[in-house]
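Common to both upcoming complexes is subunit A, partnered first by subunit B, then by subunit C.
Moving on to the complex of A and B:
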């Protein structure tokens, strides 16, 4: 390969100046969190995966519901089972056994297949991969259309959540985590027996000791934490971050459901003269 | 000890081997970071959320093999560690040697957690 000039000659003085920039930190917080409320979270309904291993599907559906609530104010219940089975199908490696599914396949399924309403695809009494045509059609109109960002850094995740975006996390799961009440501490998150990996959704934030921290929605029913929710302590997050299998994926947008239409029957116009554009319409 | 610490410990062990004696600390740190990132990417695709502890053990074994194979195929036919080092900034052989050892560390960690 020939040596090609780049057209820029840097004098010793300039080089010293450039090297001096090494003292400037490469990452720093731009966002001002002081004006935020101490806590905020989506009021979406907590669900229960029971004995199934569909946590990734539940986290994916909660992510859909969260985005829907933020964008339209509607509380829509999406189907975790649909998300679970379509992600197993997308993976080409997990379908046929209730043994969980990967994070990448949840993203693939959310992007390619979308997600239908819970009423169209409730969790079956035992593992089944059957999906109805109605459910598939409904889901196709509600796809994840935004980006996915790999967020493992605490500050980045807090910035993401305080922008009212949602995050799906995948972490180690220990037996002591069943005892979480309102704060998920390092002691609770790393004690007892190792049970495997568990996916959940982050749906807001709360303040612990003056530190804004992620609020997590679990899929173990309302009996877990405080109505299925808890606040994650920073020490636990930093410990998770050192695990290569830990995920925190930020999702952006979905195709929203059409906001509920108003019933205009019997409506009386009280705003003065009927506008020209209304006249003649039925 | 978690997996990241295990990676760093492996690198520390590798320093004692003659073929890595000339590698700098910076190169070893890059090798560890590379191994960590490879494991993370692999887990995103192949580790099932909702799996049991037994599944995690099987996954860790398979992931180590996959990354080993991937690197072997990727750099098949290259002139060797020196060329790879020039192109990527860290020693190829270190990565290859690191992965099986990492798996052993993971098994030790697993046993330690079960006590």
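Moving on to the complex of A and C:
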């Protein structure tokens, strides 16, 4: 048993499932990366799955929050527990015990059931499959996935992320990964004891040695990495790619929650205002 | 046969001789002034072009934002504010802006001793270009 909860199940049909998702069209690659800021990530709140095996639910909910922020500019907390339990129901696997879930189930649940707010379905103190009717109704109005694309290729995932899109990854998890501070290196990502598979969300990018690299949000609380975040080194990503169970999936749609209207008073219509995109970048 | 010259003829000869002397003295000596290189623009012209290019770039960016709204890609106020702010910043990075910067650096380079005359002249040209663009 690891100190941190994991819980990503690699199902028998995993490889076929991942290979069955669409590749990103080549025409997608139109961006000049040199004009990007060195780093950007959505400021969504880090959560903690504690000892539960709900990592895939947490990764899914973080993705929905990330997408909501990009689309509307508002920070909204989606319920990882709802995502976890509905995904267990979708696959009819492990429902009734905290045995984890597969990424395919999370996708199926987000597509068919949607996801409710965290306030409507917080993580219970003990494993429970109970979902209120309010939560189910709210989730049904906010379905999150219209399409899924395979992003295991480094250049493609960087393009996807720098387009402010969302990604869920599933990787091997080793005991040394608990020691990650700001950069998740190959040494840390492949050392110590193998603990199982773990799902996380990619929420932006940072630059390591001139290389734009994915920024990951973990579900092990703010004590992991830097406030729950770290930058993935390319060498580790390339090592993960050699694993048939590794996945990096991009989601293409969201039924977002309608945000409050912004106050336009004082907006500078001739320039001078610095957008969030630029603020704080070096 | 002796040629007889009248008073008017003598005055005319003196006048022509004087013109010849004055003309020779008035000839410019030494080098002729250097002609401006073809294509080299004044700071005023570069300033004018930079303003025009900035306005064009911002206009293109605003059109692009409008197209993205029409396409349903921008639906809410927060991303719209960000996109508009980015659009206004686009004008600060045109090729014309870089050419103007290069010309200004020759006058205001940190390595040069401050030259009040040159500096104020360059700034007035900069202002004149902007003023012309705003007309």
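Definition applied: the second predicted complex is superposed on the first by the 228 of 282 C-alpha atoms of A that agree within 3 Å, B and C clash if a C-alpha of one lies under 4 Å from a C-alpha of the other, contacts with A are read in each partner's own complex, and residues count from 1 in each chain.
As a working rule, a contact is a pair of C-beta atoms (placed from the backbone, for glycine too) under 8 Å apart; a residue touches a chain by one contact, two chains touch by 3 or more.
This is a predicted model, so every value here is computed, not measured.
Once the two complexes are laid over each other on the shared chain, residue contacts for A:72 go to subunit C alone; subunit B is not touched. Of the two partner chains placed by superposition, only subunit B is touched by A:54; subunit C is not. Looking at the superposed arrangement, the partner reaching more residues of subunit A, out of subunit B and subunit C, is B.
Of the two partner chains placed by superposition, only subunit B is touched by A:93; subunit C is not.
Of the residues of subunit A, not a single one touches subunit B in one of the two structures and subunit C in the other.
By the touch criterion stated above, subunit A contacts subunit C in their complex at residues 70-74, 258-259, 261-262, 264, 267-278.
Residue ranges of subunit B in contact with subunit A, taken from their complex: 2-5, 36, 39-40, 43-53, 55-56, 110, 113-114. Contact residues on subunit C toward subunit A in their complex (touch as defined above): 58, 75-86, 88-89, 91.
Residues of subunit A touching subunit B in their complex: 52-56, 59, 93-94, 99-106, 170, 193-199, 239, 242-245, 247.
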